[in-house]
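These notes open a run of structures that come right after.
The following pair of complexes shares a single chain, chain A, combined with chain B in the former and chain C in the latter.
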Partner chain A sequence: MATTLPAAARVLRSPVFFSVAAALVIGALFLIGTGADPLTAYQAVLTGSLGSDGIGSTLTTGTSVLGMALALAIPLRAGLINLGGDGQLVLGGIAAVAVGLYSPLPAPLTTVLAVLAGMAGGALYAALAALCDIKFGVPLLVSSLLLSYPAGSLASYLVRYPLKEPGSSLPQTERLPDGVALPAFGSSTVTLGLVLVALAAVAYHVVDSRTTVGYEMRMTGLNRRFSAYAGVERGRQTLQLMAVSGAIAGLVGAVGVLTFPFRFLDGSLTAPGYTWTGLTAALLAAAAPLGTVLASFFFAVLQVGGLSMERTTDVPRELTQVLQAIVIVFLAARLRITWRRRKSDEPQKESRKDPRKVGA
Partner chain B sequence: MTPQPPDPSEPAFELIGISKEFPGTLANDRVDLAVRRGEIHALMGENGAGKSTLMSVLYGMLRPDAGTVKVDGREVSFASPGDAMAAGLGMAHQSFKLFDSLTVTENVVYGAEPRRYGFVDRAAARRRVAELVEAHGLAVDPDARVGDLPVGVRQRVEILKLLHRGARTLILDEPTAVLTPSEADALFGVLRSLTDAGRTVVLVTHKLREVLEGSDNVTVMRDGRVVARLRTADTTADEIAAAMTGRSVALDRVYETGAPGEEVLRVSGLTAAGVHDAELTVRAGEIVGIAGVAGNGQSELVEALAGLRQVDSGRVMLSGRDITHASAARRRVEGLAYVPEDRHAVGTAPAASVADNLAMGHHRTALSHKGVLPPKSVREHAVKLIERFGVKASSPGVAASALSGGNLQKLLIGREIAHDAPLLLVEQPTRGVDIGAVQNIHEQLIAYRDAGHAVLLVSAELSEVRGLADRILVMYEGRIVASYPKGEADERTLGLAMAGGVDSARPEAEAEPVVPASRTAPTARPEETAQTAQTEKGA
Partner chain C sequence: MFLDSDLALSALRALTPILLAALGGAICERAGVFNIGLEGMMLMGCFTAVTTSWFTGSPWLGVLAAALAAAAYSLILAVGAVTLKGDAVVLGVAMNLLAVGLTSFLLRTVFGVQGTFDDPDLAGLGEIAGFSPLTWLSWGAVAVAAVLLSRHAWGLRLRGVGETPEAAATLGVSPAKYKYGAVLASGVLCGLAGAQLALGNVTLFSENMTAGRGWIAVVAVMLGRALPLGVLLAALLFGLAEAAGFRLQGLGLPQQATDAAPYVVTLIALFLTTAKRRRKTGAVV
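Take a look at the complex of A and B:
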């Protein structure tokens, strides 16, 4: 951030840039193979997602993708993988909608309370997964993933029975009272939710780069034994990071019900797969704050632009999923190649020390 | 299966004009090396001198940019270690590659089993290994489980593996790193009997003593070139060291004794996994050294003191406060700093920047205020320590993995010394560090002691313990079995104690911590006492 020129050079040489570029090239080959014009198709993706008709949709999708990406990036920064994003998201949504429906307070206060309830729901549930890891030795990867399913089932039950909208054939709650919603910007679908998620991203960036908590998080991610040796308490750190992660997932859930459709419809929060797109974005950025924001935006563009491409050209939107997959494959392959190169370089590494070694 | 060499006057192998360039460095610069059949040839040099590259070229793991490799007079071009093995070369690596749960025979034949009707012929395998043991006087039981064997014997299993594959030239990389002095002597006996039988041995090592005692010829490399070819009989340790470093180095310097003051660390009856009933004290202005063969509880003891291993019983007092069950973080607050043995896996995060590595520990105290850790103070702190401890890093932002072993160790020791903690735990401070950097590190530790701090030093290098420590404790089988004041223990005495050759009665009297155990322990025949220790271990 301090110097732009070397940073730009680093970006060009980085595996991320390489993977994205390679995916675009291979995607173009696919398009040519199916008889489509890659330039037209890519152009359709860009105009569809970034043009005046699409940008609102991209930002709305981006809100959820970025939120989930942050939720997964924060523990990932310390080497922890939270696979329970779906469960935390759904519990956040159901907690927010319950508060929104039954709070006796005035609408603006209820909205604030609903957001907080959503965050608390997600945080507590993620903390439970962390406790399973810390207290009972169930690996976080497993505990967070497995706890995700009962959360989804609980929400399904609630919207089918106690919270069901009377008379409706759909498994959904009643619509939230008027005013219990996040304010939108003008007539667009973009709401205050984007601001909240963006604030979370800024907070993550600041904590990551300028606080002891962020420092310990980064060092744990780079070498867990190193941070344990220096006295970082793993259990406490896991609990804290998972709680924050769950809170952000819960926030995304709350935003999902406090905006259109202003209710909890079973499956509507998880169906678009924000958790997995978010995980992909977090992995692509290696959990770095700014990179996570960029990667989330990139995937939001692909998702929204893909729909528009399907409408305007004959190319199915699945192509954008193919692109997404190729990015990941290349990234993984690239990491493996560098890793292998490093291994076979050991004699080289040794020799590289030569000039420095003598004058001790 | 052991084909006789075609012509005994020819070199076993010859490397002619080998050059190998890696981006930015010439790892081997027109290196010539000819090793005569039947000799023990030592290849020496500091880290990065190019020995490993050269051996990798010989063993088919790297392709040279220029030069030829001749084995038994024929020019060869190995594409893989498999080709090299087929040509009669065999390499044993520093860390053993053995299956603990299998027998000696199974380990030796693994990957090259004698077969009968497509099945492994166990009887033939066993016969074959027994023959090899017999023929070379290796004294290994073919049916013993490798996990039950002492390290020195495991080394022989590695050698048997090479012999089974028909190796006529054995390349041993740092073969004595984990051996006691007497095990090392035994190894050299084995190697000598192999060369007497016409085989050739190449030792890649940095231990001068062994090279002088065990080899016929020495080739010294520095900066990718051969800088000296010496006949062992005509050379001295100083000459080799000077060739390795390019200047004269004071080897095995024994530093002045310190002036001990207040007791800083008192460990009583400490028992943890791998440590039994350890008693010791360290005073301010004193270095207490713990000698022992790797794996006898030293690491476990230090981990228990550092709060990284659970203490089962006993007590640890630091400056009068009980820290027996305190967390690692709490211990640091109470005044403990720690240089761990494994600087890559524990002591640093190699992927992180030098600045971030130097900040660890300090990030909670001096560098931060109410949880805010400004990148600027991390950077300034790094610049200061780099300067103070002479760490060679191009900038604080460079990844720690780019530093050489010696520089990384300076970084680590500097960071821990900068805590100014009353107690410093140091494990293997100079393992894998160039001779040039060793002296610097030793001086840092002595200066730290003289500034009135207590230092507990664990090292497998006897000369290091003897040179630095004001008192030497010996650990064997998880117990502290002997204690000697500075200057009262020669290598032989220590070596004997390290092999369990003293009575394991509690060595350190409460009131008089400097009473040498040698005075209280029986000075009976070593074999007898060793046996005592053996039986006690079993109980």
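Take a look at the complex of A and C:
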């Protein structure tokens, strides 16, 4: 009792709890404003996403959200923001579908190869963004984001011309051959993809808490200059973390084409906004592995539950997107988050350089 | 001829929203507030401009309302980053997400449509001598910002607050006040950018219609080193890439290649300028 009470008080006072509660209250005001009953609406969110009809859908959505959240959390742990998730996701998807369509190997091997190709595609593209930062001095935030748009255009071009399904009016590839797919559990829409993403989460947890790499990552996130002083090579670390980040984003892309609709349809991977939901989840959890899993599940519940809220109360499901953003607004304002953009380190570096400049 | 006056004109039209937003970003940067919420502020401007113009019939009230609404929206960044000392990057990302969600939500509750609101009766901004009035205004704003930042006491204090807030504070300049001013100014400019986009470039509102322009503005700030004229040149480069892309599309290049062009051009420009800066600093030290 003596230990649980302060723990409960700590939870109540924590910024995460405050932000989520504040967002739900503001959401209730929105609901009242549109003439809906907040309790009915929130209940619809829960029953729609966690009830027997919705849980499968929540887990399917959760697969993609968690995958993207992990992809963005890993660099975030070291204070790096990867804004190019969409590009890495799409290139992963297109690489996986290309392998899936043209590999001469038997179906199970092709599936494995397609997943690996997706991860490689995402990893290479994210590494390119990291190289822009390390070699050319374009901040990662900007290089990853700017590279994201051409990746989308490239994928869009490929599915409209070279990879287009002949005779179809949609910008999509052919359906993958029979058997080239991630197996589903029973008759549900939940596939092996969820297991792959969950394994990635477990791996992240172990690396984060038990290994040198994880320690260096957290140190860099807490204090970049300390970790540089302690001998962590920033360039190599950025490259490695971004490659892993891109590989997981690519995995999500591969899972997206190796499950329903079993093909690459232009825009279908990015339209649900998994990248941004994932980033929100990673930010909410401050990139901690277990927290990222919980936050992803929470946002998947909101996203799927939003649909049933719309059916029950006629309140547009976009409200859930508003709630998501409000959580982060409150959180960002309340937390003095420890990572800093590189820019804020620079004046100090420069002022250290200045005397030498004057002296020379 | 490929590089003719038509191309220049379409480049100038394409650049107005980016220029206005980037100017706001530059002012914030100078005051030491990293503003990546330009995209969201602009989107709020788009929606307010269209809604106000639709209900009042006056596009000018739309412009005014857009500037006010985006300025009010920018308070999230001002309060969060300046008063509460939160993380500006995270706040900016959240503001962009919130704007997408909020405008899509309001589009459905106010107009009852999903995706795009488009009506022939929606009044857009006219043209003065071939350009939208806001395009003329944007050039005026560049000149005013350039003079204010380099020659006026306000600009000097603003830059002082951005570079060393402690020193500014000892001289009796309130850093918080100047930072609020800079963020609000960026809100007004982004609101105008949004109004230009939704009532000038086109006359409609569609979900997420800013489509990365706010991010390009962030890059333009970086490329133009937060100088008003530098930002103008950077935005011009982007406008030219976009206009040239449209032209190349007419010549048979696939649309996707031309869609990607502005981003690739911007990235290359960033490579070149940072490489040059590195060589320069390398020579000094």
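We adopt the following convention: the second predicted complex is superposed on the first by the 325 of 360 C-alpha atoms of A that agree within 3 Å, B and C clash if a C-alpha of one lies under 4 Å from a C-alpha of the other, contacts with A are read in each partner's own complex, and residues count from 1 in each chain.
In the analysis below, a contact is a pair of C-beta atoms (placed from the backbone, for glycine too) under 8 Å apart; a residue touches a chain by one contact, two chains touch by 3 or more.
Bear in mind that the values here come from a model prediction, so they are computed numbers and not experimental data.
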item	value
Chain B versus chain C as contact partner of A:276, first or second or both or neither	second
Partner chain(s) touched by A:136 [first = chain B, second = chain C, both, neither]	second
Residue contacts on chain A - larger count, chain B or chain C	C
First (chain B), second (chain C), both or neither touched by A:211	first
Partner chain(s) touched by A:321 [first = chain B, second = chain C, both, neither]	second
First (chain B), second (chain C), both or neither touched by A:290	neither
Partner chain in contact with A:229 - chain B first, chain C second, else both or neither	first
Partner chain(s) touched by A:150 [first = chain B, second = chain C, both, neither]	second
Contact residues common to both interfaces of chain A (with chain B and with chain C)	347, 353, 356-357, 360
Chain C-touching residues of chain A, taken from the complex the two chains share	30, 34, 81, 83, 132, 136-139, 141-143, 145-147, 149-150, 153-154, 156-157, 160-161, 276, 279-280, 283, 316, 318-322, 324-326, 328-329, 331-337, 339, 341, 343, 347, 353, 356-357, 360
Footprint of chain A on chain B - complex, ascending	22-27, 46-50, 52-53, 56, 62, 223-224, 245-247, 306-308, 327-332, 338, 340, 345-352, 356, 359-361, 363-364, 368, 371-375, 378, 390, 392, 402-407, 410, 434, 436-440
Interface residues, chain A side, partner chain B - complex	209-216, 218-219, 222-223, 225-233, 345-348, 350-360
Footprint of chain A on chain C - complex, ascending	34, 36, 76, 79-81, 84-87, 89-91, 93-95, 97-98, 100-102, 104-105, 108-109, 163, 212, 215, 218-219, 222, 254, 256-257, 259-260, 263-264, 266-267, 270-271, 274-275, 277-278, 284-285
